[in-house]
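The letters A, B, C, D, E, F, G and H name the chains in turn, as written, and every chain counts its residues from 1.
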Amino acid sequence: MDPRSVKELLEGVRDGRLSPDEAASRLATLPFEDLGFAKLDHHRALRRGFPEAVFGAGKTPPQIVAIVERMAARGQSVLVTRTTAAVYEQVAAVRTGAQWHVAARCVTVECGTKVPLPGRIAVLAAGTSDLPVAEEAAVVAAFHGAAVERIYDVGVAGLHRLLDRTAAIREADVVIVVAGMEGALPSVVAGLVDSPVVAVPTSVGYGASFGGLAALLAMLNACSSGVGVVNIDNGFGAAHLACLILRGRSAA
Amino acid sequence: MDPRSVKELLEGVRDGRLSPDEAASRLATLPFEDLGFAKLDHHRALRRGFPEAVFGAGKTPPQIVAIVERMAARGQSVLVTRTTAAVYEQVAAVRTGAQWHVAARCVTVECGTKVPLPGRIAVLAAGTSDLPVAEEAAVVAAFHGAAVERIYDVGVAGLHRLLDRTAAIREADVVIVVAGMEGALPSVVAGLVDSPVVAVPTSVGYGASFGGLAALLAMLNACSSGVGVVNIDNGFGAAHLACLILRGRSAA
Amino acid sequence: MDPRSVKELLEGVRDGRLSPDEAASRLATLPFEDLGFAKLDHHRALRRGFPEAVFGAGKTPPQIVAIVERMAARGQSVLVTRTTAAVYEQVAAVRTGAQWHVAARCVTVECGTKVPLPGRIAVLAAGTSDLPVAEEAAVVAAFHGAAVERIYDVGVAGLHRLLDRTAAIREADVVIVVAGMEGALPSVVAGLVDSPVVAVPTSVGYGASFGGLAALLAMLNACSSGVGVVNIDNGFGAAHLACLILRGRSAA
Amino acid sequence: MDPRSVKELLEGVRDGRLSPDEAASRLATLPFEDLGFAKLDHHRALRRGFPEAVFGAGKTPPQIVAIVERMAARGQSVLVTRTTAAVYEQVAAVRTGAQWHVAARCVTVECGTKVPLPGRIAVLAAGTSDLPVAEEAAVVAAFHGAAVERIYDVGVAGLHRLLDRTAAIREADVVIVVAGMEGALPSVVAGLVDSPVVAVPTSVGYGASFGGLAALLAMLNACSSGVGVVNIDNGFGAAHLACLILRGRSAA
Amino acid sequence: MDPRSVKELLEGVRDGRLSPDEAASRLATLPFEDLGFAKLDHHRALRRGFPEAVFGAGKTPPQIVAIVERMAARGQSVLVTRTTAAVYEQVAAVRTGAQWHVAARCVTVECGTKVPLPGRIAVLAAGTSDLPVAEEAAVVAAFHGAAVERIYDVGVAGLHRLLDRTAAIREADVVIVVAGMEGALPSVVAGLVDSPVVAVPTSVGYGASFGGLAALLAMLNACSSGVGVVNIDNGFGAAHLACLILRGRSAA
Amino acid sequence: MDPRSVKELLEGVRDGRLSPDEAASRLATLPFEDLGFAKLDHHRALRRGFPEAVFGAGKTPPQIVAIVERMAARGQSVLVTRTTAAVYEQVAAVRTGAQWHVAARCVTVECGTKVPLPGRIAVLAAGTSDLPVAEEAAVVAAFHGAAVERIYDVGVAGLHRLLDRTAAIREADVVIVVAGMEGALPSVVAGLVDSPVVAVPTSVGYGASFGGLAALLAMLNACSSGVGVVNIDNGFGAAHLACLILRGRSAA
Amino acid sequence: MDPRSVKELLEGVRDGRLSPDEAASRLATLPFEDLGFAKLDHHRALRRGFPEAVFGAGKTPPQIVAIVERMAARGQSVLVTRTTAAVYEQVAAVRTGAQWHVAARCVTVECGTKVPLPGRIAVLAAGTSDLPVAEEAAVVAAFHGAAVERIYDVGVAGLHRLLDRTAAIREADVVIVVAGMEGALPSVVAGLVDSPVVAVPTSVGYGASFGGLAALLAMLNACSSGVGVVNIDNGFGAAHLACLILRGRSAA
Amino acid sequence: MDPRSVKELLEGVRDGRLSPDEAASRLATLPFEDLGFAKLDHHRALRRGFPEAVFGAGKTPPQIVAIVERMAARGQSVLVTRTTAAVYEQVAAVRTGAQWHVAARCVTVECGTKVPLPGRIAVLAAGTSDLPVAEEAAVVAAFHGAAVERIYDVGVAGLHRLLDRTAAIREADVVIVVAGMEGALPSVVAGLVDSPVVAVPTSVGYGASFGGLAALLAMLNACSSGVGVVNIDNGFGAAHLACLILRGRSAA
C-alpha cells in the first residue's frame, strides 16, 4: 500500500465518500507490510548506499549478464563474486567499464561517483593460498568505498613478518583476518590491536582441516576478545560487516 | 495500533479535526505491525484453540506455578511438559484440577470444555524405554482434543507384535512413531499405512547411538515416503504437528 | 497364497478329500504373507491412488525408459525425479504425452484423468538457488493432484517479501518450506500460519553449511511447533507427505 | 626494558661511559620485546580503557577474591563473569561497592568514573532461556560504558513481537543477537537493520541442538550479510566486540 | 490365531457347519500374523534355547525384580546386564540361586540344566579398563552354554603378551575382542586366527577417543578380513552373536 | 629360522662343535619370528583354503594383470574386487578362464577344483541401488565355495516382499544383509531368523545419509541381537566373515 | 622361555640326554615368543630406564596402593597420574617418600638414584586453566630425569609475554606446548624455535571447543612444521615422547 | 632496524648530534622487530640448514618453476612436494640436476654438498596404498640429510612380516609409521621400540575411514606412549619432525 493509496483513502473519509468504519476495515485488510516496509526498504537503500552484489557461483553467464545489465541500466554499480574470466568477458562485451579482479575472482561495474567510507580496513592473509578469499574481501571493501590496506603472507609461522607490519595493522579501524589451516592468526592479531577483528576461516588445508572446519573452530575459540567470525571462505561477508562498522563511524 | 485507535483517527479525519495528510503521516509512523499482527494474533488464537504449553525443563517450580496461575486465572487450560512430581505438587496446591501424568512427566490443568479434534492419532513406541517420549506425545495430543490410541512395544525386532496391531494402526489418521536405537520403526510403519507418519527419534540407546543421532539420521533417510521428523525426544512437537493435521480435516 | 488357493483347500476339507488336521498343517506352512499382504497391497494401491514415482538419479536412460513404458502400458501415470533433459528426450520418443519440467528436473507422463486432492499446498522457497528442490516439490504435488501455490524468494533476509505473501501462505492447508543456508524460514513461517509445515533443508550454501547439515539442524530445532522435517533436498518426500495430509481431509 | 633504562644507557653513551659499540651490543642482547611491548601494552591499556574481566568458571572463590582485591587496590574496576552468588558474597565482604547481577551471573566492582562509549547497543534475546547469556552481554557492555537497550523474548516464532520493536532495534549502533535452538534470529534481524550484528549462539535446546552447534551453524550461514559470530554462550565476547565497534566511533 | 482355532474352523468346514467361502473369508479377516508368528515364535524359542536377558540400565530395582520373578516362576533362566549390587541383593532376597558377577555387572538366575553349545569362545580384552565389557561378554556367553576362555590384558602395546597366548586364541571357534582407546586389537587378532572375530569397541579412553568412537571406527576399518563389529560397550551383543555362530555348528 | 637351520645348530651341539652357551646365544639373536610364523603362516594358508583377493580400486590395470598372472602361474584362484570391464578385458587377454561379474564389479579366475563350504548364505539387499555391494558379497561367497541365495529388493518399506521370503531366509546358515538409506533391514531380519546376521551398510542415499553413516549407525544400534557390522560398502568383508562362520561348521 | 631353560635344553643335547630332533621339536612347540621377548623386554627395561607409570583415573585407592607397594618392594620408582589427594594420603601412609604434586594431580615415589637425561625440556602453557596438563607433563618429565623449564601463561593473546621468554624457549632441546581453546600456541612456537615441538591440546574451553577438538584440529593443521601432536589432555604422553627424544641424544 | 643503523644512532649520541631523549624516542618508534628478528631469522636459517620445501598442490607449474629458479640461483637446494611429472619436466628443462621421485610425487633439486644428519630414520608403511605418503616422508628425510630405511607392507594384519623386521626397526633412532584404514601400526610399533615414533595417518580406506579420520583418531589414542601424530597424509611434516629430532642429537 503506497502512501498515495493511503492518502486517497483518507481523502475519501474526509469527503464523506467512505465512513471511518469502512476505512478502518479496508486498512486492516490491506497487506499491511506494504505500508511500512516499502518505505523502510527505500529508506534502507538510501542509507545503506552499498551497491548490489551478485553471488556468481551457480549462476549461468547469461543470468549474470542479464542481472548486470538491468542494474547498470538503472545507474547502479554492481559486483559479481565467485565468478570466472569467461563471465567477465561476456559482461565486458556489454558494459565497457567492467573490471576483472583475477585474484579475487570478482567482476565490478561502477556507475557514478562512490561515497568514501570513513576510516580504513586492513585485510590480512596468513598464506598465499588464502589470497583468493582475502582479495575477495579487499575488492568488496574497496567497491563499498573503504580505504583498504592489504597485508599478506603474515601467518603465525613467521611471526616477525607479522610483527613488522604491526604499525600498519594498528592504524586500521577494522581488521579482516583471513587464514586457513590452524586459523591461529585472528587470535594473535586481536591481541595486538584495539580495533574489531573480523575473522574469515578458509578451506585452505588438507586432511584434518576438514574443509576449513579446523580454522573455523579455532577462530570461534579465539583466546583474544574482539573477534567476530564469518562463514568459511566468506570474504564478501567479512568486507560487508567491516564496511557496516566503518559507516557507523560517519554517523557518530 | 488497535482497531479503536485507527477508528478514532479516521473519525478525526471525517470530522475535519485531522487532514488526510496528517492522518497518512501518523499512520505511516505508527508501529505498523500493531495494526495487523495484534488482530491476526487474536485470530490465530481463536482458530488454533490449542491451550498453552509450558516447557518445564530449566524453569523453577515458582516460575511454573506463577505461569499456571496466570493462565488459569484467565480460564485457559495449561500443560507443563518435562517437569517433575515436585512441581506437580506445588501446582496442585494452588489449582485443584491439576493432573500428574507420571510416565509423560507432564502436568495438565484443564479449564472449560475441550473441543474434540476430528480423527484419531496412534502413538507407537518401539521399546519400553521410549515410553516417556511416547507418553508425552499421547498426553499432549489428548490435551489438544485428539482421540489417542497407544500402541507400545512394537519394535522391529519382534515384527509379529507390530503386525498384530496393523489394523489398529491403519485406522489412525495420523501415526506418531517413537523409537530410539536404530530408529527403524517409522520406515516400516510408513510402508504399512496410508496416513502421514510423524517420526520422533529418542535418545534411548548407548555408544554409537550418540544421544539419538543414529535414530534421527535413520528417520530422515526413511526409505518409505510420507514421514516427517521432529527433534530428538520431542514428543510435544510430534503431538502438536499431528493435531494441526487433524484440525485441518475439520476445515475441509 | 491367493484367495482361490485357500478356497480350493477349504473345498477339499468340505468334500472330505482333506482332513482338518492336514488342512491346518498346510495353512501353517504356506507363506502366510501372501494371504493378507497381496490383498492389502492391492487395497493400498487403490486407496493411495498416487501414481508411481521413479528416483532417476543413478539409473541409466534405458532403465528409466523401460520402467516408464511398462507403467504406461498399464495405463499408469509415472513421474521421474532427479533426471535430465537427455532422459526426457528418450522418454518423449516413446511416449508422446511426456512432459519435461526443467527447473524441477522431472519428467511426467500422465495417463487418464487425475483425481484432485482437497485443499491447497503452498511451496515456499527461501532463495533462487533453492528452486530445483522447491520445483521438485511443486511438480510432484501437482502430479499427485494437489493445487499448488508457488511462493518463491521469500527468505528471512528480506522479511517484507515474506510478509507481503502472508495471506496467500495462510490460505494453504499445508505449507512446504524449502530453504538452505541457515534454514530459518520454517521457524518463521510456522509462527505465522496454523497449518502443518513440511520443512525441506537444501544443500544450498558453502563452508559451514556442510552440505545442508546446518539447515537440517536448524529445522529440527525450530522454535515454532508444527514442523515436520524431511531429508536434505528431498522435495519429493515433502510433496508426498503434504499430499497424504491433504488426502486425509477428503476422508474426514 | 623500560624507557628509563634505555635513557640511562643512552646517557652513558653521551657521557662517554659507554662506547656506541657496547651500547649497540647491550641493546641487541636485551630481551627486545621489552622495549616496544611494555610501552605498547601501556599505550593499549590507556587507549582500551576497558576494565579487566575475570572468567570466573573454574576459579576458586579465594582466587577470585584475590584477583578482585589486587585490582581494586590499584583503583581498577573489575568484572567477574560465569560466577555464583557465593563468590559474590565473599567479594562483597571485602569490597563494599561490589554488585551481584543475578541473571547475568556476574559480579562487578566499579572504581572511579566510567567514560561513556558513544552510541548504543541493543541486546536481543530469542527466548527466556537465552537470558543468562543475553544478560552477560548487557552487563558487560554497560560495565564497559555502553548505553544498553534490552529487547528480550523476540524469537522468530512470534514475529510480531520482534517487529513491534523494530524501531528500537534500528536505533542501536550495534545489535547483539542471542539465540539458541535453530538460531534464526540474527538472519532476520540483520535483514531489518543497517548496523553490524554480533550473533551469539546459545546452548539452549536439546536433542539435535547438540549443545548449541545447530544455532552456531545457522548463524555462520546467515543469509543476511553483516553478521559476525562469537562462540556458543559467549555473551562477554559479544559485548567486548560491540564495545570495540562503538569506541571506534569516538575516534572517527 | 492359534492352531486350535484354525482346527476348529476347519472342523466346522468338514462338518458342514461352515461353507468354504465363509471359512476363507474368516481366515482372510483374522489377524493373519497370529497364524504363523505365534507358532514360529514358539518354534524360535525352542530352537534358540537362549534364556532371556534383561538390559538393566534405566530400569528400577522393583521392575527388575518383577521381571526376574515372572520368568523364574515359569522355570526360565534369566540374566540381568548393566545392573548393580543393590539390584542383586533385592533379586537374591527373592530367588535363592541368584548370582552376582561383580566385574561383569550382571546378575544371573539359572533354572534347570543348560544345554552346552559346541565349540569354544575366547574373550580377549586389551586393557584392564576394558574388563567390565569383556566380563559381560564372558558371563553372557557362559550363561548361554558356551565354553569360555578369558584372555585379558593382551593389548597391542605389549605384543609379546598377546603372542604368548596365540595358541589358546587359535583354539577358539569364535574370538570376541574387546578394546578401547585406538581399538587396534581386532585387526591384529584377525590376522592371527582363522575363526570369525567379533569386535567390541569400548568407551575406555579420553580426549579424542570421543566415547569409543575412535575404537569403533578403527574396528570397522580393520585391515584384516573376518571381523564383525557390535556397538560400543556391547559385550552382551558380542556374546549373543558368538553363541549364534557356535550353535550353527551343532546344526551342521 | 627354518626347522632345518635349528636342527643343524642342535646337531652342532650334539657333536660338540658348538657349546650350549654359544647355541643359546645364536638362538637368541636369530630373528625368532621366522621360526614359528613361517610355519604357522603355511599352516594357516592350508587351513584357510580361501583363494587370494585383490582390492582393485586404486591399482592400475597392469598392476592387477601382473598380480593375477603371478597367482595363476602358481595354480591359485584369484578374485579382483572393485574393478572395471576394462581391467577384465586385459585379464581375459592373458587368462582364458577369467570371468567378469558386471553387477559385482569383480573379476574371478578359478584354478583347480573348489572345496564347497558346508551350509548356505543368504544375501539380502534392501533396494536395487544396493545391488553392487550385494553382488560383491554374493560373488565373493560363491568364489569361496559357499552356496549363495540372492534375495533382493526386500527393503522394509514393502514388508510383505520380505515376509514372502522368510522361509528362504530362515534356511540360510548365515544371512548377509545389505542396505543403505536408513539401514533398518538388519534389525528386522535379525528378529526373524536364528542365524548370525552380517550387516553391510551402503553409501546409497543422499543428504543426511552422509555417505552411509546413517545406515552404519543404525546397524550398530540394531535393537535385535545377533548382528555383526562391517564397513560401509564392504561386500567382500561381509562374505569373508560369513564364509569363516560356515567353515567353522565343517570343523565342528 | 627364559635363557636358563634354553641352556638346560642345549646341555641336554650336548650330554646326549636329548636328540637334536627332539630338541628341535621342543623348541618349535615352545611358546616361541618367550624366547626372544622376555629377553628383549628385559633389555628394553634396562635401556628405557623409565620408571613405571600408573594411570590413576578409574582405579580405586586400594588398587593404586597395591600397585605402588609391589613396585616399591622391588625398588622401582613409580608415578601415579590423574589421581587425588585422598589417594596420595593412602600411599603416603605406606611409603614414606611419596610426594604429592597438587597442580599435576600426580603422586611420585622415587627409589634409588635417578639417571639424568641429557638436555632440557621447556613446558609451555597458554593459560592458567591449562596448568593441570602442563604440570602433569612437567612432573612426568622431571620424574623421568629431564631438566624442566616451566614457561606458563604465554598464550598468543599476549604475544609479548611469549616473546619475552623466547630465549629460554630456544634453549630447550624439546618444547612441550600445552594449549586449549583455539590451540594456536604450537604453531607460533614452532615458528620461533629449531627444536621438535610436542603439542598437547587441552579440553579447556567451552561451546565450540567441543572438549578440546578445536585445539586438537588446530595443532594437527599447524602451519609450522616440526610439531607432533598427542591426545587431548595427555600431559603424560607428551612428557614420555619428549624424554624418548632426549634419551636418543645420549645414544648419539 | 639493522645493527648498522643502531650504531649510527648511538654514534650520534656519543658525538652530541643526538640527545639521549631523542635517541630513546627514535629507538622506541622504530619497528622493534627488525632488530632482533632479522638477525634471529638469519641465525635460524644457519642453524636449521634444511633446504626450502615448496608445497606443490595448488600452485601452477610456472609458479613452481619460478620459485625453484630463484632458490637455485642462490645456490639453495629445493624440494617440491605434492607435484606431478608435468611439473618435473618443466623444472628439469631449466635445472639440469632436478630429480623426479615418482612414488613420492616430489621433485628435488640439490645444490652443493649436503650435511648428513646423525642417526637413522625408519619409514614404515602398513600397506601398498600408503606408499605415496611413506615415500614423501622418505624422500624428504633423505633430502634433509638423514639415512633412511624403508620398511614397507608391514601392516598388522600380517604380524610376522612386521616382526621379521623388528631388528631393523629397533636400529632406527626415529621411526615414522605411515598407515591408513584402522591406523593400528603406530601402537604396535611403539610397543616394540625405544625410539620416538612419528605417526602419519593416511586417507587410504573407504566408508567409515572418513578420509583418514579413523586412522587419525586411532593414532591419537595409541595405547603405547611415545607417539607424536601429524596431519593426515602429511609425509613431509613427519620427515621434518624426525629430522629435527635427529639434528638435536648432533647438538647433544
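Operating definition for what follows: a residue touches a chain if its C-beta (ideal position, glycine included) is under 8 Å from a C-beta of that chain, and two chains touch if they have at least 3 such contacts.
Keep in mind the model is a prediction, meaning the values are calculated, not measured.
Path length between subunit A and subunit E in the chain contact graph, taken as the least number of steps between touching chains: 2. Against reference pair B-D, the listed pairs B-E, C-E or F-G yield one interface repeat, B-E (criterion: more than half of contact pairs the same by residue number).
For the pair subunit C and subunit H, the CA-based superposition corresponds to a rotation of 180 degrees in steps of 5.
Each chain gets a centre from the mean of its Cα atoms; the one farthest from the centre of subunit E is A. Chain centres here are Cα averages; for subunit A and subunit C they lie 39 Å apart.
If you average the CA atoms of subunit E and of subunit F, the two centres end up 25 Å from each other. Among the residues of subunit D, those touching two or more other chains are numbered 32-33, 159, 163, 207-209, 213, 216, 220-221, 231-232.
If you check each pair of chains against the touch rule, the ones that pass are A-B, A-C, A-D, A-G, A-H, B-C, B-D, B-E, B-F, C-D, C-E, C-F, D-G, D-H, E-F, E-G, E-H, F-G, F-H, G-H. Residue ranges of subunit C in contact with subunit E, taken from their complex: 3, 6-7, 10-11, 13-14, 16, 19-21, 23-24, 27-28, 32-33, 35-36, 39. Of all the residues in subunit C, the ones that touch subunit B in their complex are 44, 47-48, 118-119, 173-174, 194-196, 198, 216, 220-221, 225-232, 236-237, 240-241, 244-245, 247-252. Across the complex, subunit A meets subunit C through its residues 31-34, 37-38, 40-41, 57-58, 201, 203, 211-213, 216, 231-234. Across the complex, subunit B is touched by residues 129, 159-160, 163-164, 166-167, 206-209 of subunit D.
Residues of subunit C that touch subunit D in their complex: 126-127, 155-159, 163, 181-184, 187-188, 190-192, 205, 207-210, 213-215, 217-224.
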